[in-house]
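Listed after this line are the structures, all set down as structure tokens.
Shared chain: chain A. Partners: chain B in the first complex, chain C in the second.
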Partner chain A sequence: MSQPELEVAALGVAGGAVPAARRIGVYVCHCGGNISDYVDVAKVVESVQGDGDVAVARTAMFACSDASQQDMIDDIQKNQLDGLVVASCSPKLHTYTFRAVATRAGLNPYEYSQVNIREQCSWIHRDDHEGATAKAIGLVQAGIARTRLTEPLEPIVVETTPKTLVIGGGIAGLRAAVGLADIGLQVVVVERELTLGGWVGRFGELYPYGKDGHALIAGLVAEIKKRPAITVLTGADVVGKSGSFGNYDVEVRVGGPGAGSISVRVGSIIVATGFDSYQPEAGEFGYGINGVMTLPEFTDLLDRSTGPLVHDGKPVRSVVYVYCVGSRQASDVEGANEYCSRFCCTAAVHASVRAAGLDAMARQFHLYRDMRTYGKYETIYTRSRELGSVYLRFPDDTPPAVARGEDGRLVVTVRDLLTDGEELAIPADLVVLVTGMVPRKNEELVGVLKLPLGSDGFFNEIHPKLRPVETVVGGVLIAGACQGPKSSAESVASGLAAVTQSAAILRKGFAELDPLVATVDTDACTACGKCLDACPYGAIAMTSLDGREVAVISETGCKGCGGCVPMCPEDAIDLRGYTDAQIRDQIDSLLEVSVA
Partner chain B sequence: MTAQVDVELYGELQKFGAADVSACFSCGTCTASCPLVTEDATFPRRMIRYAQVGLRDKLLSSKELWTCYACGECSETCPTQAEPSEFMAAARRYAIGSYDRTGLARTMYTRPVLGTAIAVFLAAFFAIFMAAGHGGQATGSLDLFGFVPEDLVHTTGIVVMVIVALAGLAGIVTMARQIGRAEGVGWRTVVGSRAAVGRSLGALWEAIGVESLGQRRYREDCDADKAAGDADQAAVPIYRRRWLLHAVTMWGFLGLLGATILDYGLALAGIKATGTPVPIWYPVRLLGTLAGLMLVYGTSVLILDRFRRANRSVAHSTPADWTLLALLWITGGTGFALEVALYLPGAPAWGYWVFLFHVAVAMELVLLAPFMKLAHVLYRPVALFFYALARTPELPDRQGGTR
Partner chain C sequence: MTASVAGEAQVEAPAFVPRILVFSTNNISDPGIDLAGSSHMHYSPGVMVMGMPCTSGIKPAWIAHAIERGFDGVFVASDGDECAYLPDCAKRASRIMSQAQVLLKEAGQSPQRLKMAAICSVCAEPFTRQVTQFAQALVALGPSGVR
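Coming up: the complex of A and B.
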């Protein structure tokens, strides 16, 4: 590499002329070219070198690499830095990484500011290197401005209730309940249906090892019965939630609408409400015609069959599977499910292996777009081919058509790319629409828990890689297919991940929360109440202080969204870490750069 | 046009002994490794795909089915052991069963026990039929036609030939129509103009002369026995190579057919009455002797190779393979025994029974030709004709049009 990985600029210590001078370290990341191919990172460093509060400024090839992190720690300790700015990627990715760097160096983590010059500069201004560089300089200056006003903060410590509420008695929820009980937590399982088991409990043989769904659930229920720490409420709905992180009071209505409810105090909540199977519209791939059925309906048929398949009293000689029904829909359609449901390929392939086991002579045609029997499930695909299943790949823009032919038999028309793109008419006795997963309609629960939904309608995690079961609502975790399509094995895995995360919150007896919450200047507050309406988390209340009413914000209930701050006519609310003064200075420094 | 899927096709092919090609995932390695594949003739992958999907008409209208000489290279390279070569052979059997309208070929292939019974019964029938009218056995010299009357043999032979010609022609027409439709070749393309006729004659020569009689591509492209730059594997000596054995058997068979017809012709022309004792160097006798030698040599080694599974082409043998080789070998073998008996002094009486056996088996062989493996004699040249036609550019005819 011709360019040195680190460019060091030795800067003179400011002469103490400026009051409250800071000693800030600034690191500008190349991101291995992701940033530096478009942003002149050396110039960005240069631009801040004259700043009296900047003690160290460098570039780094990968700021998040172990070596760069160690360099930062060394700098902080050697130069006694009291502030840290890293200009790299989105704060969503690495805020915690660099806060941890600060902590390891003995610096308060809240003295750290992340500046995003990748998503906000290099990636979107590829055609304008100079402009991208100027913007990066502005953003870094703003980051420095914010850091000038940071102050050390300590986490908020909350005592927690050692009990978890599991919403949903499917395979993920039940396995999580057992796991929670086994690490010494009390558990309440709430199931809307009258019986436990969810989707898995409905079915017989499941992939990959042919385990029986009913038996799996029966086994879990037996385990639950052995554990007195678990309370199960069936026919029950969660209708209300109050309290805050570590201590939620949940209202559970038992016995359907109009029935009475009980209140449960829990430290955490695991949402495992599962999925709905995609229900095709009438006429969608022939749905509604006798003999056209969804994958769950076909699985039911398989479960009920002990010999060659029979439909409507007639032997089934030819089965046609149409894949990706309700999944990977074209994005130009309103409300399209653009995602891949990913369990369905393997489930359909596995169903065809079962069908071949019942009748080796039945012909099975799989009309697919892409076969995604990922991981070890590939062997099931191979097995199904060996058992005579034929796979026909159709082009994305030419989906198959299902109709009833003149002779009364179903006919599926498809263009097969593996047969010279030829259009084929396949006679069928059964057409199986390989339907995917869709989010459950759960408006009431979503309203109660205030959980954000992704654009696909499933619950959203905080970080897909590093915080896969946590939500923005502290102590509320998601598990299983309510988060997005998952196989039963994956659902159980995420259920157990939620158990671990619950334990992390509850097993110590206390939890530490991010202190970046809103605070009220009680002297300035006039108790107008506008902030109460603005808070989406119900974290603000009125209280009496020295004989007058003032607003008070629960440190554990506040999420630090800042929604209340602009609503206050007296400017009495400030958000820690993002104070009005900090934001103003950030804006000012941005303007300075753009004017210059 | 939408191709109709026949969900029964796959099961049908299995009845004709098709390898289980369900393992095939259409990778195309077989096509890439096939020495016969050209840009406009791709197989076996496509043929296997037709079978998997159930495109019966496509399969039966594929001339490519009949360009293959079963060298076995594709089965060797197949990553899923789907045995494309074996499949191609089975698909040809299925095609023979489908082109034949009588259903006899189908029975012969799909019900080996019944098929063998039919073959034995037919031979017995011919033997008894001719023995029924037999005369005395002269003892001075072998008077074969005194034993079985010449007219009876000839008339039966002609009847058999007519049946075979009709059945064979029907099969050829069925096949040609199917391939023609798929290839877009009609009467006009073949004989519509002087240029078209010229082109067709060229293709005919290519199909029958160069390819069928000359075995050009079998010899040049599909000779798996010549060690192609492979140091570990010594080349098979020329006299043991598959193409030569096949050629020798074919030429022997044709030579014998020719000798028989010539002998009949000589009698018709009044030059030599059938059955007149002649010296061994008499041209027709000499032709018969040489052709017989070739047939017996070819079939003997072929049988031996099949028995020993000497190469990948004969890794699998079906009853149909054995039946054809057996009938050819018996016809040739008994012919020689007969010749020996003719030149032996004292006219051994077994000569008469060998003669009866020989005539019965030869009749059967000819009669069953369109209904067994020998039918490739009818169908392969048709496919090769279309193959040659496709490779010959259409010349503008004198009227200026191209069709």
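Coming up: the complex of A and C.
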């Protein structure tokens, strides 16, 4: 493509009344050189200086630095600014930083707009400085256009109930319950089974520290018994949920189908419902043949053994592990599990160390695709090799085959990539299918909580790094393996993250919500009811206003998605921060520059 | 490259760089588009992105407005099945697209000026490829008429 030339074209001002001028401050960041090496930031500032609504426009070496923040505060106060535009990096990084700058300067934080001229401009157009500069000008003008139409908003204040419901009494849920009680909250734990402990409670020695699963759970249960703030309901299911952020009324059925239910009012909900273990189909890697077992079945055998392994009355002299069973499946398989289950490589390697400890003479072969004993778990892999385990890597498109030979012994055939694809036939007394985690089938609960599932079937967080335990349903948090495969330690860590998040919501007794929710222009509303169907959260209702029916949107029930906006035939719904007028003006402003 | 062939035909005229408005979503596709930048990929500066909370909140009239005012194409970087708000987001989005295409036809514009693809939070390369291909298609289609 040719070098586009910069041309700033002034469009004619549309007719109509001219609203009172705003006093907006515009700050264009160098980001060291991350922006200014490719975007002429001085030219960007110059381009907006003639704007009648812009009172201050400057560059900043690092807009997020303490010094620049203080400069902004001084400017806002000295010039009585009523709007703020910061053109720097992605809004994911510093939206809260600059909202706080506005607040400290006495400016309403919702009068500020972030413009992304780094990730979506300077870094992506490094070969085209003029194009990047022209585009940055357009983006900044759109930010000004948006800010021209902002209004001061107050966060929605909701009084909260200082109590948390934990769904699932596995290691993540139990540890979270103890953490919540210690931070001063009341806790109700709901467990579907009659006993607590989940998967970890069924196991003996766990990696990496060799702790005993039963003992860990017994320890947590003992801690729970010491804390009167915790109520535990076993044999119980969550069957209903109403209310909104900070005050949910949850219906819990205790005693199985047909039994009565109780209602619990809580401020937040931590979902820690765990996972199911992948169950191979009959014939999948020989599953169904005597001697072919899944990883949990093998772990159970290890837990029951005190000496050399015995299966079906015969000593086990050779064990073959087949990795990635039910994980990383090809996408063309119906209902494929395309993800990696993370824990199973280390769990199988650890199992082989245990097996070697029971019988140093046992031969162990690991048939793997990629060995993912991440972090310090690498040491367990090294230990397993020191104890004699042999690792063979097979090609993704040629998985091992498991069969019973004529002599009645199991034989696993595999192509070994590291010896140039040589085919090996390994006799085995036991074949362990290293099975991963799959999402737990729990349609009733999914329906009650209205939590979105990811394409892998696990519960979806808002962002895996930035908001890892929050869901779009305010005050409903997810922890442990219900969110995706995790080790027990990682499950506990996410359970504690959910505790912290719960405390942040509930400890003050009230919470502040972003007011960027949908609103109804009641004059334009004809009460057709189409928006009611558009909202799966039940945030919209009909009410009577001055003798006629109109739609009304609950500020605390609205998730701010805007899904109702295009459904309104009267254009009577606007999403704050993304109003019809703001979007149209931003589109027009983006076109005020020519990038070619 | 297709673009260079078109360029040779009209050596003197400045090359047509289509202006593309992208509707992204704050939690799903915008991080993917950010990642394209962080990974120092490349697409045309004619591509400009506006973030929304959710694809299902885009009004068809905004798409028509963008073309009417001078964008050559609108690319909806949708949540697809990953929407954290609405389980039926993909269905709603395709309804919005159909309605917008009707509006474009009514305005005498080609419905090919509108394109949607699901872009996930790590879909940097697919986004870059999609908008680049879309830009090439728009070069073939020519400017929307408003400059």
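In the analysis below, the second predicted complex is superposed on the first by the 409 of 596 C-alpha atoms of A that agree within 3 Å, B and C clash if a C-alpha of one lies under 4 Å from a C-alpha of the other, contacts with A are read in each partner's own complex, and residues count from 1 in each chain.
FYI, a residue touches a chain if its C-beta (ideal position, glycine included) is under 8 Å from a C-beta of that chain, and two chains touch if they have at least 3 such contacts.
None of the values given here were measured: they were computed from a predicted structure.
Q: For A:L418, select first, second, both or neither according to whether it touches chain B, chain C, the two together, or no partner.
A: After superposition on chain A, A:L418 lies in contact with chain B alone.
Q: Per the overlay, which chain contacts more chain A residues, chain B or chain C?
A: C
Q: One more residue to check, A:R118. First (chain B), second (chain C), both or neither?
A: In the superposition, A:R118 contacts chain C only.
Q: Please indicate which partner A:R363 is in contact with in the superposed arrangement: first for chain B, second for chain C, both, or neither.
A: Only chain B is touched by A:R363; chain C is not.
Q: Between chain B (first) and chain C (second), which does A:T519 come into contact with in this model arrangement: first, second, both, or neither?
A: The answer is neither, since A:T519 touches no partner chain.
Q: Can A:K92 be said to touch chain B (first), chain C (second), both, or neither?
A: Touch status of A:K92: second partner only.
Q: For A:P427 in the superposed arrangement: first (chain B), second (chain C), both or neither?
A: First partner only, chain B.
Q: Where does A:R584 make contact in the superposed view: on chain B (first), on chain C (second), on both, or on neither?
A: In the superposition, A:R584 contacts chain C only.
Q: Do chain B and chain C land on any of the same chain A residues, and which?
A: Of chain A, no residue contacts chain B in one complex and chain C in the other.
Q: Which residues of chain A touch chain B once you look at their complex with the stated criterion?
A: Counting only chain A, the residues touching chain B are 317-318, 361, 363, 365, 385-392, 413, 416, 418-420, 422-427.
Q: Which positions of chain A touch chain C when the two form their complex?
A: 1-2, 4-5, 90-92, 116, 118-128, 131-132, 134-135, 138-139, 142, 452, 454-455, 460, 462-464, 471-472, 516, 536, 559-563, 565-566, 571, 575, 578, 580, 583-584, 586-588, 590-591, 595-596
Q: Quick check: in the complex, which residue numbers of chain C touch chain A?
A: Chain C reaches chain A through residues 3, 7, 14-17, 19, 21, 26-27, 30-31, 33-38, 40-46, 48-54, 56-62, 65-66, 69-71, 81-87, 89, 92, 96, 99, 121.
Q: Going by the contact rule set out above, which residues of chain B touch chain A in the complex?
A: Against chain A, chain B makes touches at 1-5, 7, 10-11, 22-23, 25-26, 46, 49-50, 52-55.
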